[in-house]
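Below is one structure, written out as structure tokens; comments come after it.
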Amino acid sequence: MSKFVNCVVCEGKVEVSDELLEGEIITCPDCGSELEVISLDPLTVAEAPEVQEDWGE
Amino acid sequence: MSKFVNCVVCEGKVEVSDELLEGEIITCPDCGSELEVISLDPLTVAEAPEVQEDWGE
Amino acid sequence: MTFKAAIWGASGMAGGEVLRILARHPDIKVECAVSKNKNRQFIWQTHPHLRDEFGTLTFCDHDEAFLKEVDIAFLAVPHGTAVSVIEKYLEKGTKVVDLSADVRLYSAKDYEKWYGSPHPNPDLLISAVYGLPELHGKEIKESNLVSGVGCNAACCILGLFPLAREGLIEEIRIEVRVGSSEAGATPTLGSHHPYRSRTLRVYEPFRHRHLAEILQELSLEEDAVTMTMTAVEIVRGAQMLAHIRLSEKVREGEIWRLYKNAYRDKPFLQLCPAKPAHLRLPEPKMVTGSNQAMTGFTLHEDGRRMLVVTAIDNLMKGAAGTAVQASNLMLGLNETEGLTMMPVYPV
Amino acid sequence: MTFKAAIWGASGMAGGEVLRILARHPDIKVECAVSKNKNRQFIWQTHPHLRDEFGTLTFCDHDEAFLKEVDIAFLAVPHGTAVSVIEKYLEKGTKVVDLSADVRLYSAKDYEKWYGSPHPNPDLLISAVYGLPELHGKEIKESNLVSGVGCNAACCILGLFPLAREGLIEEIRIEVRVGSSEAGATPTLGSHHPYRSRTLRVYEPFRHRHLAEILQELSLEEDAVTMTMTAVEIVRGAQMLAHIRLSEKVREGEIWRLYKNAYRDKPFLQLCPAKPAHLRLPEPKMVTGSNQAMTGFTLHEDGRRMLVVTAIDNLMKGAAGTAVQASNLMLGLNETEGLTMMPVYPV
Amino acid sequence: MTFKAAIWGASGMAGGEVLRILARHPDIKVECAVSKNKNRQFIWQTHPHLRDEFGTLTFCDHDEAFLKEVDIAFLAVPHGTAVSVIEKYLEKGTKVVDLSADVRLYSAKDYEKWYGSPHPNPDLLISAVYGLPELHGKEIKESNLVSGVGCNAACCILGLFPLAREGLIEEIRIEVRVGSSEAGATPTLGSHHPYRSRTLRVYEPFRHRHLAEILQELSLEEDAVTMTMTAVEIVRGAQMLAHIRLSEKVREGEIWRLYKNAYRDKPFLQLCPAKPAHLRLPEPKMVTGSNQAMTGFTLHEDGRRMLVVTAIDNLMKGAAGTAVQASNLMLGLNETEGLTMMPVYPV
Amino acid sequence: MTFKAAIWGASGMAGGEVLRILARHPDIKVECAVSKNKNRQFIWQTHPHLRDEFGTLTFCDHDEAFLKEVDIAFLAVPHGTAVSVIEKYLEKGTKVVDLSADVRLYSAKDYEKWYGSPHPNPDLLISAVYGLPELHGKEIKESNLVSGVGCNAACCILGLFPLAREGLIEEIRIEVRVGSSEAGATPTLGSHHPYRSRTLRVYEPFRHRHLAEILQELSLEEDAVTMTMTAVEIVRGAQMLAHIRLSEKVREGEIWRLYKNAYRDKPFLQLCPAKPAHLRLPEPKMVTGSNQAMTGFTLHEDGRRMLVVTAIDNLMKGAAGTAVQASNLMLGLNETEGLTMMPVYPV
């Protein structure tokens, strides 16, 4: 059985594994935002600061 | 029934219609050369001078 | 079952692209390729990438074209020249997709305003459907006469309809950047390589004819919109940047929901991610050669300003791709038939 | 039946192209896409044109990759790093197509000469087949280990084998022009846009590693050949100009016959016309995005000098396309499966 | 009299351009070219176009640089690294033109806001003059420390100051298109040719650091301005499109008068004609290699909407050209000395 | 003293470049700019980069042109149309530099062979000097009629004369790559951006008219030479790759000595270094906008095969630059007057 959490950016449903840990970073497959698990019960995520590849601009 | 003539450039077989006329220009589908019918019997063709589109070089 | 197609303007840029698509279409076969100037020449003499397609098929002229029995006719001819061809085909009961601008507008008054002369057959405007399957799929299925789309118009409409139909657009400034294939296959001073190369030529400061289609399809007021065109160093591609003032403050999540809902079940519409930032806003490069329209957006922190960016390949989603998509529906085929080619990236 | 594939180097240029092809392949499915650096990231985060393909598939690392059961593994990794991966897959009984240069040469001596160090596992060289289906189709069908091709090598071999196997090449000077995608996905000074843009950088005056493959496949003597490389302003594409001194005087018609016979039943080999003159000699532009190799030639009036020009898309016929073509044969599929996409022209 | 100059960052993009200009400057001579990484290498090993200039001059490192007596130092170094160099030169009584962003803003608070950390020496901000001679010629003449300009900022300021100083700008949406040389000489993923080529990458949707300079120099409120950046397929060049809502209705003639007056006696500012239409709005192509800034405009028929377009060569007017122009004034020379080279058109 | 010049073909590509140069020439002033089609239009209406040059000067037609007293006339007109203009000017005692091909060859027989019709005034061929100052400086000084140079010819001759005059060239295969400005200012299908863009069009497999000049100036036998042309994605530039079989084995040092001696005191000829390898062989990018010709070479380890590469800007050293250089000599000025502009790199 899979759990879901709502992405805080695009409000889409993100499937998460059962073994999720606090502090883990997951990526929203819809909008690509990185979400940090800040609590497990209730399952809550917050946007993680973006670590960008160097695209040089 | 269709007739054939050999292209004088690429030596490929070119299908020609029955109503072919002397002086008619046909194009070889293999190599694109323009062939002028210089005699009908025997069916003989020669390379026609190329009239080029203006590609500007 | 295989349907037979005639392509008018087959020696041109958009007509050549219809040929390119149909060369691999499982259910539509090219029966005749029409060109007055290239009459009797092999198709590959004009289109070198079609060297091994269509065997010894040659272009035919107008009269010969009308003698061929076909199920559908694609007209990729200059605007103003399609109407008489449409009339003849409709009479014969042949379905028509007209890529020109001749039947894109519903209102004869609008046509006259934007194209500078009265429409020769306003009845056609009433019976024709605007050929954007994403908006008019149902009507297209039941129509015998479907217009193509302006490439810039298609790009803008696909990127903006989710917002427009919610009434969220208060004011909008549209930038469109276009490649050189948009102007067709005939050389001009503006397309001469030394001048066209690496250009950033701004050629319409406030409006462009395609605006007529945009206003019509998005139900916007002309005064709320400006549209600026720039010719850029690409061959294929159109990109819209729409700077929008929203009519009310919205949350980013709401916009996402709007777009996801609007694009769901639209096989050719793609939504860009919010992250990584360099992929958030699409460019034509990402869709070259495909029938996809890719849209990304970003909301200003004030919740009222918004930037929407959409990218298409003007010859595909902006012309031939959408035309074949419409023809699929008209012929009872699956919308995506023959149109699932991947973008060529990077190119 | 659907086969499962692993792609190594899936974050790279050639690996990305394998993904692009397999996204539409009817019989091969991507089971795992391997990348150490992009491990756990979605594929579209690296390849924006694959946004709606492969669902939520993420890159996996090396260890995880070996746990997946696959029918075939594509290795698009730097040369020198493939051998150990090949060994593991062969042990498991998995077929391998290795796009790197690790098993392209049959002779360990040649490998050492051209790559500067002894080959770590010369037995592989013996068992591997050079992966150009146009020359080795039969062996490829029966092999578990097939090499990819050097993109420049493939371009040259396909353009020259009809002459070479008749022993007609006495001396040959090869010019190859290449696009920037040939050097892979990692930025360098040479690929930095301000310097790479509009370049005509001649970077190998007399030879290039790919010459090893050319000599091997065409049975030519090194001394009879020079090969000069130029980086040009394209992203995709390789073009060979071969200036040949023929070993005997020939008529143009004989050359035509040679090429027609050699290319017959080779679905991806195309021969250019002799006329019109501007289409006689091909350019990469004409095959972009496709798996085609297009060849044209012209014979000097002295009957001894000849120019052969061949154009390919380096990522397709020069890398991923040929690799998938080989894999089709290895898996018992039709050679052309998944590879019939049209060129995107003009672009 | 000949003045001696030191160029820091001489191995970089902007520093290389200072070298290129000074190679022909009648009154300023390059005394030292500073680079840590290229220390002891000949200048032409980095800059191939300078092969026959500067004889056997080699790059020198930082310590050696400070030992040379020079009249003026050009700092073309990354922002954040200039301050300590400035301090040393000012101490020695050497005049400085700092092309980096370190002393462009007058307010330390603004600096912190836009650059993310407190300024290490706010006093410098007070003493420095913003180095745009068209606006601050008099102060520059009397200053020992002059900043360079942000290239996008220079483009915008020069195109807009005639309107801004009349208070005519109510709201403004700025589009800037930039070439690849703007990001300097170091390769990144974004500058990697396969990705950078033919790009239309929108990378800052609403603001860009250079906006700080624009607001400062044009006395505009941040909320009235947005600025969107797009990387385009050129190496040199920046182009501004400014979509303006004027604070009052004006006649076209008034705008012409404003611009003519403002540009009079500004040797590098050019005004485009109103006709022919395709030359009304400038593109970088028209000024490549020169120190010119070219501006065109068009007024909407409502008299309130206006489009202003300005084009510069980012390495010249946007960096090295303007820096040398400022140095001319600081050294008591004619403003145009060494800067009258013609644009290279078409290129 | 200031000399007055007439420029014929001033609306064209080469004529525009003469204007660009003379706009900054210290001693030659444009007295009249001739164009039938642009008669009475301002010069900047055709040449946007000349917006602030030449004040209100307008193009004049042929008759008006002959009424102006000038010291020198530059003819940048299509080949075949120059002779009658030359005749009139010579009659009036006006010096002429004819950029067209009308008086480049010394032999009327050669002219007929390469240009397909008898020369209308063979006496001119005898009196005219081939206008390459590096080879014929002395004769040019004393002549009233000097030809311009074929741009490809100039590129080849400058790169090869040091070898040729030593009799070292046994056989040679020349590749020339050219930009789009070479074909002039008139649009054609081949210059149409969608087709010309990113092209690698090989359009002359074995010879090109400019070969006539090369054979003449280098005293080579036609049979020992082939020349292949490729149109590439640049606007300005010509690059020669000459694959040479030397008539005897030589040491690299000897070649260096030959080139250094030959290029000494030739202000526009530059020799590339042997190292670093990526700068050894020049590209047009390195000389864009300048009057420089840059040559590099590399010798095969067999001591008999050699590659020479030369790059120029076709509009400068290949046309207008060399023409002005010749005119400087004809007028008793310093050869480099008005021609010392730096290349614009990178661009």
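The chains carry the letters A, B, C, D, E and F, assigned in the order they are written, with residues numbered from 1 in each.
Just so we're on the same page, a contact is a pair of C-beta atoms (placed from the backbone, for glycine too) under 8 Å apart; a residue touches a chain by one contact, two chains touch by 3 or more.
Because the structure is a prediction, the values reported are computed rather than measured.
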Co-neighbours of chain B and chain E resolve to C, D, F
Per mean C-alpha coordinates, the chain lying farthest from chain D is E
Chain at maximum distance from chain C, centres defined as averaged CA atoms = F
What is the Cα-based rotation angle between copies chain C and chain D, on a 0 to 180° scale and rounded to a multiple of 5?
-> 180
Pick out whichever of the two, C-E or A-E, is joined by more C-beta pairs in contact.
-> C-E
Whole-Å gap between the CA centroids of chain A and chain F = 63
With chain centres taken as the means of their Cα atoms, state the distance from chain D to chain E in Å.
-> 45
Chain E and chain F, separation of their C-alpha mean positions in angstrom = 35
For chain F, which residues are shared contacts with two or more other chains?
-> 181, 186, 188-191, 194, 197-198, 201, 203, 235, 346-347
Considering chain A alone, which of its residues make contact with at least two other chains?
-> 32, 53, 55, 57
If two chains touch, include that pair; go through all of them.
-> A-C, A-D, A-E, B-C, B-D, B-F, C-D, C-E, C-F, D-E, D-F, E-F
Okay, in this complex, where on chain F does chain B touch?
-> 183, 186, 188-191, 201, 203-204, 229, 231
Seen from chain F, its contact residues with chain E in the complex are 20-21, 23-24, 44-45, 47-49, 51-53, 181, 235-236, 270, 272-273, 276, 279, 282, 286-290, 294, 340-347
Which positions of chain B touch chain D when the two form their complex?
-> 8-12, 30-34, 50, 52-53, 55, 57
Residue ranges of chain F touching chain C (in the complex, touch as defined) | 13, 179-181, 185-189, 191-194, 196-198, 235
Which bits of chain A are touching chain E when the two form their complex?
-> 53-57
